[in-house]
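Some structures are shown below for you to check.
Look for chain A in each of the two complexes below; its partner is chain B in the first and chain C in the second.
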Partner chain A sequence: MLRPDINDLLTQTGPGTPMGDLFRRYWQPVLHTDELPEDGCPPVRVKLLSERLIAVRTPEGEYGLMDEFCAHRGISLFFGRVENEGIRCPYHGWKYNANGQAIDVPSELNNSEFCKNVKLRSYPLVKVGDILWAYLGDPEKQPPLPTWEFATVPERQTYTSKRLQECNWLQALEGGIDSSHVTWLHGGGPSGHGLEADPLFAGSKGNQYNKNDVKPFFEVVENEGGLLIGARRNAEDGNYYWRVTPWVLPNFTMVPPRGDHPVHGHFWVPIDDENCWAWSFDYHPTRDLTETEVDAMKAGAGVHSKNIPGTYLPVANKDNDYLIDREKQKAGILFSGVEGIAIQDSSLQESMGPVVDRTKERLVATDAGIIKARQKLRRAVEALRDNGTEPVGNVPEHQKIRSVAIVLPADRPFVEGIGDGFLAREGVGQTTV
Partner chain B sequence: MPKVVYVGSDGSNREVDANVGENVMNAAVRSGVPGIVGECGGQLSCATCHVWVADEYRDCVGGPGEMEADLLDLGVSDFTDASRLGCQITITDELDGLTVEPRPEAWH
Partner chain C sequence: MSACARAITAEEAAFRIDYPLAYGRDTGVIAFDRVAEEAVRQVADNPWGKAHFYTASLESDELISLNGERRDMRSEIEHSDSVIMVATNAILGDAVAEVGAICRELSIMTAGLLLLEDGDLTGKTLMAIRPYARILLVPADREDLFQLLTAIRA
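Then we have the complex of A and B:
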């Protein structure tokens, strides 16, 4: 249970808020490269951490991210003209370069100094992998560029999607941290477990362990960049099947692998306090994704959603009750009645309300990961606010991490048993079951 | 039967005959002592049974466990060295006379 002021502290990310300041210490995924597909393409509106911005790609190929509104009278530069080296407001022709610096103010040609004094707030926007990342913090403290494995393997080994989620970022992150829900929410099918029906999950021995042991034991261990959340289920011969989810501050999780399938994970990036982008990546560290796999991802299998073409809004959303199928729910084909892992998550997380009231929850032992994550976030936010302490998670040492699935003897602590299996190492296969 | 004393916010005391093995939250809730809710039924999952343990009993009762401390830290507005969650204090004969002050929050 969180008291109201702590709930506010953890959920509010606008400018000047303590959690907003924390988020601004990190590169965040902002746009898919598809959204600015070529030099000189139309600009895109971006709302990030409650700031309204515009993203451009100049004819020279330079990426820019700046305040959405012209410095003159507040017109949205979404309607601007992308021209050489920048964007020109159509109202009176004020032109800005990719850094938001005014480079032409036609009515003030006699005053050559005027331009120099006009600059829109702007942030670096860089391409790493198939994503454009932005950093909204103090330029003097800019962290290294993202080094996550999914974004740095060759292009053919990785696929990333995004969808709009109409709820606060934290309740979405908490879903990613809590793996006890998998057995229920993502369950179903004649085999009793919906995972077997999904082409991106089927065929792993782990699915059987998931099905047979519906009461996993959770062990949460602190690591440098966040937490390692271990879910332990019974395997044979007195061994345990561990599925370990790393959480890296503030908003990254990675789902443990199944078989040789690509492994996936998420970021939940605040748009404002009531909406977020759910980014889902899928990658394989040592081979290309197959055409079948990519087609499945594009069709909304695995952790990806089927979106309305041309948008990032899922087809199944809150306006149509996520197309819930009560027949399938009753027949147990889908435990939740909602199709697709991504939408199963979104539907419930959005149903909690835009910002869930955490004074009303009744947590149980399997929520240990959530409780610890809230504590760690709260401490990081307060340390930054009160002492200027740099938070963890924005350096390569914390980002080069993998999730793990493994069978271990019962007396082996999972962190020790996995060892280097947690590290993202080029050319080294996943630790999986 | 050991007694547990609940100190009211107005200074008044409420004495409860407790059972050995019962916890401080349960003894309060079944006796109608105000200020202790026990929403999660003693599962160490809420923070609605917060009490301050009187000085003379603190050594005997001991401090909170790790999860208990996390819940207190995130859930209550007056977490002090005397804080415990009532559901985590088991009553014994040695604790006869245990005196605690319920610390409800405004939104309970």
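Then we have the complex of A and C:
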């Protein structure tokens, strides 16, 4: 359980909230590059950390992210006309450059002087990989650009998708940290077909370890950028099979790899306090993704979802009860009756309500990983709020991290046994089973 | 509107049945060395519902309550929903094994916290507790113990 005030502290990310201030120390993924596909293309509405914004790409190729509403009469600039150097409000013609600075106010006699005093709040928007990233914080505290491996490998080696999840960001993040649900929800329980049915997981030896030992032990280890959550199962000859999930503050998690399949993970990005974007990525550190793999990802396999064309709303969503199939559930073909890992997660996390009341929880000792993560988040939030202490996770040394799957002797600490396997290194493959 | 779409709104969340929850977990907390005992004593000095605190004994088959009473280990553990083992590198490995064996036999959930206030984790420490703790925090601190007990409503 959490006290109500702590639940509020961790779940509210709007301007002026302590957790909102923490998030405003990080670059966050905002848009796929193909949402602003060409110079001078139509603008896109963005809601991030409870701020309504408009993203533009000027005819000159400059990206901008600014207050959605015209300073004059509050018109949404979604209806604006993208012109040279910026965007013009269609109501009275006020024009802003990519930094939100007014550069033309046609009705004013002393036009240039008046313009100088009109500026929409704006934030940097930069392209790294196939994603546009935004930083909504104090410009003087702006961290280095993102260096996550999935966003920095060559384009042919990576694929990213996003979907709307209609619940608070922390519910989604906690699913990414909670390794103990995988055996049941995604693995199908002791008799499940689960992971072997998914082309992006099938065939790895790790699946057999998962299936043979459905009651893993866990070790939660402190790491500079967050936590390493290790799930251990019995392997041959008294060894242990380890699956280690890194969590980097505040909202990045990676799934341990399976065989030579691409490696995947997530960002859980608050839209407002009752909705978030689930960003999902798959990449391979040393080879191109195959056409078959990319087709499977686009079809919603692995950690991705099949979305309604032209939107980021999953086809299976709350409005159709996630297309739950009771016959498959009863037969054990799908343990939850819901198809696909992403929707299996979102259906349950959304069912908790927009912001779950954590005062009602009945946690058990094996939830210690989630309890520890909440504590680290709380400490980071309070340290920033009370002492101005900069949080971890927004520097390259914390972002160059990988998830790992490995078999180790029973007496080895997994951190020691894995060593550099946690480090993202160019040209070096993932540590996997 | 579908059943799910209706059910997950904030308005519907307000209709969840509201009743006071009983204390959840009968929880034994055992310190397996001197430094761990300090931490456990500090945390024990809070109002808990069903948490009971001990230190391990050099004698087999017994635990020592924080007021110094010697108690039969099995009798103290067998009614627990969960047992939290707290240790540092000075861990009493034999006592952990004894407690762990009872918990395994009686299907009692276990968690381990390695405080490491006395230096880096050693393989010996890890192996003393790893086989018996269903979940292990490495390293943990005193606040972790407090938060864990709070979260499970001990």
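Assume the second predicted complex is superposed on the first by the 427 of 433 C-alpha atoms of A that agree within 3 Å, B and C clash if a C-alpha of one lies under 4 Å from a C-alpha of the other, contacts with A are read in each partner's own complex, and residues count from 1 in each chain.
By our rule, a residue touches a chain if its C-beta (ideal position, glycine included) is under 8 Å from a C-beta of that chain, and two chains touch if they have at least 3 such contacts.
For clarity, every value in this text was computed on a predicted model and none was experimentally measured.
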What does the overlay on chain A give for chain B and chain C, a clash or a fit?
clash
In the overlay, answer first, second, both or neither for which of chain B and chain C A:Ala151 touches.
neither
For A:Ile131, select first, second, both or neither according to whether it touches chain B, chain C, the two together, or no partner.
neither
If you stack the two complexes on chain A, which partner ends up touching A:Gln375: first (chain B), second (chain C), both, or neither?
both
Return first, second, both or neither, reflecting whether A:Pro4 touches chain B, chain C, both chains, or no partner chain.
first
Is the number of chain A residues in contact higher for chain B or for chain C?
C
Given the touch rule stated above, what does A:Asp367 touch, chain B (first), chain C (second), both, or neither?
both
When you line up both complexes on chain A, which piece of chain C, out of 62-70, 98-106 or 116-124, runs into chain B?
62-70
Just to be sure I follow: which residues of chain A are touched by chain B in one complex and then by chain C in the other one?
1-2, 361-365, 367-368, 371-372, 374-375
In the complex formed with chain B, which residues of chain A make contact?
1-6, 359, 361-365, 367-368, 371-372, 374-375, 378
In the complex, chain B touches chain A at residues 39-40, 43-48, 67, 70-71, 73-77, 105, 107
Residues of chain A touching chain C in the complex
1-2, 166-167, 217-222, 274, 318-322, 347, 350-355, 357, 360-369, 371-372, 374-375, 410-413
Would you mind writing out the residues of chain C in touch with chain A in their complex?
1-5, 7-10, 12-13, 16, 21, 24-25, 82, 84, 109-111, 121, 123, 126-127, 130, 133-140, 143-144, 147-148, 150-153
